[in-house]
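The structure under discussion is supplied below as structure tokens; questions concerning it will follow.
Chains here go by letter, A, B and C, matching the order in which they are written, and residues are numbered from 1 within each.
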Amino acid sequence: MRLLKELDQKDPVEVGGELHAFASRLYPICRSITGDGIRQTLAMIQKRILLKIFEVPTGTEVFDWTVPQEWNISDAYIKDSRGRRVVDFQASNLHVMNYSTPVRATMPLSQLKPHIFTIPHRPDWIPYRTSYYKKDWGFCLSHNQMLALADGDYEVCIVSKLEDGFLTYGECFLPGASTDEVLISCHACHPSLANDNLSGLTIATALAELLSGRDRHYSYRFLFIPGTIGAITWLARNRENTARIRHGLVLTGIGDAGGFHYKKSRRGDAEIDRAAAHVLQHCGESAEILDFSPYGYDERQYCSPGFNLPVGCLMRSVWGTFPEYHTSADNLDFIRPEQLAKSLRVCAGIFDVLENNRRYRNLNPYCEPQLGKRNLYRSTGGESIGAEINARLWVLNFSDGEHSLLDIAERSGLSFPAIESAADVLFQSGLLEPSDDRSGSASRPEASLPSRSSVF
Amino acid sequence: MRLLKELDQKDPVEVGGELHAFASRLYPICRSITGDGIRQTLAMIQKRILLKIFEVPTGTEVFDWTVPQEWNISDAYIKDSRGRRVVDFQASNLHVMNYSTPVRATMPLSQLKPHIFTIPHRPDWIPYRTSYYKKDWGFCLSHNQMLALADGDYEVCIVSKLEDGFLTYGECFLPGASTDEVLISCHACHPSLANDNLSGLTIATALAELLSGRDRHYSYRFLFIPGTIGAITWLARNRENTARIRHGLVLTGIGDAGGFHYKKSRRGDAEIDRAAAHVLQHCGESAEILDFSPYGYDERQYCSPGFNLPVGCLMRSVWGTFPEYHTSADNLDFIRPEQLAKSLRVCAGIFDVLENNRRYRNLNPYCEPQLGKRNLYRSTGGESIGAEINARLWVLNFSDGEHSLLDIAERSGLSFPAIESAADVLFQSGLLEPSDDRSGSASRPEASLPSRSSVF
Amino acid sequence: MRLLKELDQKDPVEVGGELHAFASRLYPICRSITGDGIRQTLAMIQKRILLKIFEVPTGTEVFDWTVPQEWNISDAYIKDSRGRRVVDFQASNLHVMNYSTPVRATMPLSQLKPHIFTIPHRPDWIPYRTSYYKKDWGFCLSHNQMLALADGDYEVCIVSKLEDGFLTYGECFLPGASTDEVLISCHACHPSLANDNLSGLTIATALAELLSGRDRHYSYRFLFIPGTIGAITWLARNRENTARIRHGLVLTGIGDAGGFHYKKSRRGDAEIDRAAAHVLQHCGESAEILDFSPYGYDERQYCSPGFNLPVGCLMRSVWGTFPEYHTSADNLDFIRPEQLAKSLRVCAGIFDVLENNRRYRNLNPYCEPQLGKRNLYRSTGGESIGAEINARLWVLNFSDGEHSLLDIAERSGLSFPAIESAADVLFQSGLLEPSDDRSGSASRPEASLPSRSSVF
């Protein structure tokens, strides 16, 4: 499987356009950690990929947490004394603090103000606020909107329901030759915020599409879940299965114009950490590798000490470090088709590394084999060798059964695709043999899937 | 035990003033590696802390060395032909080469000159010279003093005694819950030199005072000893006990205005090395960590290969690198109250790390525990978490029984006190349990001391 | 054995002059990977050192390769229509592509041109080209020479023979107290190119001379071989003996004015890698350490994964990175007597490290021994110690049976000779004993050679 090759057969402008269009369709929905917003979102994803929807009842204990009541909202507003909606949920679902309890009351401005959130230094932007675990209600306004509120009485209305119901999440499982899994996780609980995290949902959906029908070595599991409580719920229900997770990525905030950031797993030296760092180093954009820290997105849960899974987090701009974060300015203009397309390429490149990273054994380990007689070398001595021949020499020299292709790519400074192509050519010339057994795992009969060995 | 908290209840100006005042009282004494000068010094320290004085007879064999004869001096001078004291021991005890044999003679300047030491490029300063192991006599003069000596005969007189006697040193032992020891060593053999090493004596005395009456985990042993021969003598007499030394610090030259320098133990990765580096990194002053080298102060002996103890050396300006070193310019103006107070704080911070560095186990290792329901988290999502909550997440994530609090502080970049406070709060909330047994050691009945567990 | 001491008894100008003179005598010969050129070269080396010549028949299988036919050439030219030699092998043997098949024909310029090689951007230089494994013929011209060729017919003549014969190489073996070997390898197959690799041949010959008659710990094996096929042939014929190779150096391009480059062995941390890096760090010239890569000179073969020998490559300017590389500008002016002499010193310094690098045990490991009573310390305290005493303290502190002298040199930042002298003095004073057994190996009776212990 070589996803990059597949991807590069398409027009990148078209790819970017499609990604952005899908994000645009998801944008208006008022999502939360439970409720119909996330259901609607998953239904739209389900139209594109094989998605199984799970509903977990309120009150279910998941480790130290409890699945909360389900929240739904149909309308909300603040009306002035003349009955005009001065704040209107229909204009932006960010106006209501997520998980606000229902309220219908008339009160003077002074009493209303403690329930109002603004960003004074960004007077045109609406902040995004939540109160999942403390029953409360609130409105989020642009600061200018608030300044425009004259003294007087206001009618305050939030038509929401907080009742026993379900926590909803979606799972797309794509079996591979091996039962070892790659986990891709993205949070689907934020309302009209584009980078955080429609970008992640969109890329994950596209990746699942791209992987479908391919000859996969690994099994892939995509999770579309509410942040924190969703990851905790999934982990609580799948504790035994986590042993199969060999690599994992949390995708969040990967549509903006900023450079890439990859936050390493708690282990710090997992194969996913090395694969992501390698691909980003060669991706042609600015990229920074960050050490693990326990604050962040759902890698917090996957990397909690009891699980300590090899799961990193791929982002562009890091949450909390850009002004648009968690405000109405994280809108559809903030994410860009080109960036989405490039992010997809980076993910595809990472999967290519994971899929094709293996160890070979040089069958002529004593001195170099004579590449010239196999037409794998230049014919006239004196000129320097090209990058292709150089990659072959690297693969031959380090294919001692101990170094993986990723090891060789890292040590040589050459890209993984260059190293992998060299290995392919040398394998086809009978100079290499695979030294690891990656034909599949015991629990999944190989016959049911296209044989991996056909790749070579 | 939290020494920094204790210390910070005092006015730092007052603390610095007291430290400098004590150094000032010790300053005039003519100390040497043996004799009444060091006895007088130890007696003054003994008024403040529980100090046991040891007297080791001349001729005692200590490893490859022999305790030398005891040296005492009452007067010395050079008189010119008119009987005027042109060089006078009463004006500065640096004028006499330390360990000078007695002399009483009249000689021409030409014959006297080979016995005179000056610093030509610092013409106003008197050098400090010794001749412990080669019998000789000499005078140390400012270069200008020497230039002023006209030709002619001089009466030379050193009223010293070099006789069988004793080598004297002092030991302050403060037992803790554990028999494991922290060693603090400072040389007490230099005459009127302030930074080298009244600063060390003063800080060590203050630390011993500060530790007295506290609930100590470790036992603490403070050595006030003559340099080199004193450390060798102590090690020869306490060879078996050195196994108890878990951490150690040589304190020298820590009163001047220069930045901190910590020279690592020979091991290089001892806990004391990491604790000192960590505290200095967070101390708000410039600080440099130096690799071990075999030349220096008494860490030379503690880190000799047969012992290889985890003993580092804490300094401000490094001996030999500043012009005032071993001259009369290393006087009471060269050390400063503020610097002494800050040095004391750094030492206290290091002891706090050693005392409180332990391993915990997160009792909810699968996913994060829900801090919110324990009132340990912010209530409204959307704002960034503060440093306190961040520290809690770090402690929870890395409290897997393998990472110590110092490990977590290093990895997080947060200060040890921040990490330790977080651990405290989490422990009190029932989210952590200690995973190491630090309740004391077999040889010391725990009941005889305040129980350490009360700290938590 | 201390080669540097021996070498420094000679006048460096004279040493450099002799090295350059020998290179000059070898320069005119038309060498190739087989044939009389290399035989003639080896014969000239044989006049100076004990060289055994090996002849391996054409067709011999050596791993994946086959010894090629032997190539010899007596004359070659291109004559214009007036019969003038416009290109003449007698003027420069670079004019003929090495391994050109015989040709005698008249042809128009258009038909000749595909057989002509030039360097357009260096119009006065003749390139060096070979075609060992593809039967072909060609001429190498300066670009200006080619531009001057008018249209018309040319008589083309190469009087060469490509027939079954032999591959020739030379081996100089100098037995030492131990059967463990140091391998020095240089390629002797390039025609009139000075830096690549008459510099290597010249230095290797001088090193073998310098080692002859010395009290060697190691056995030394010098190979003068054709590049690639020669190394492969030697390895194929000596596969079992390679286990004895403890250290190795490929010498190439070490006569030019560029700074030193040492390319590490595939292992990366072999003793030769550390010894070379250490000597270069202290050599007073610019020097760079390069990681291993599989393209280069014969380290490619020695470091192939089946052998993985501890063989690095010492160069000045790196092949392929300087414009004169593989052109007629790599002539006798391009290499310099001073540089050759300094390169010889560096090699001698490396051998000195290998020969004298051993472990000692401090016989007074508890505290410092009293150096003063052995007259190994300064007598008057207060002055700083010199480099000599410092080296003694380093050796004493780290001679715990685990640290070698090279370890101590690296850690102290002092040069190996300084550390080794200190160890010598301390050993003579009875303060150290060797802690490794380097008196020889089982297979070689010690009596037959000067005892190594006499060195101390």
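Miscellaneous remarks
By definition in this document, a residue touches a chain if its C-beta (ideal position, glycine included) is under 8 Å from a C-beta of that chain, and two chains touch if they have at least 3 such contacts.
What you see is a predicted model, and the numbers here were worked out from it, not measured in a lab.
Relative orientation of subunit A with respect to subunit C corresponds to a rotation of 120°, obtained by superposing CA atoms and rounded to a multiple of 5. Under half of the residue numbers found at the subunit A and subunit B interface occur in both copies, marking it as a different-residue contact. A separation of 54 Å divides the Cα centre of subunit A from that of subunit B. For subunit C, no residue reaches two or more other chains under the stated contact definition. The residues of subunit A lying in touch with subunit B in their complex are 62-65, 97-98, 117, 127-134, 228, 231-232, 235-236, 239, 266, 291, 293-295, 300-301, 303-308, 320, 326. Note for the complex: subunit A touches subunit C at residues 362, 364-370, 372-373, 379-382, 384-385, 390, 393-394, 396-400, 411-412.
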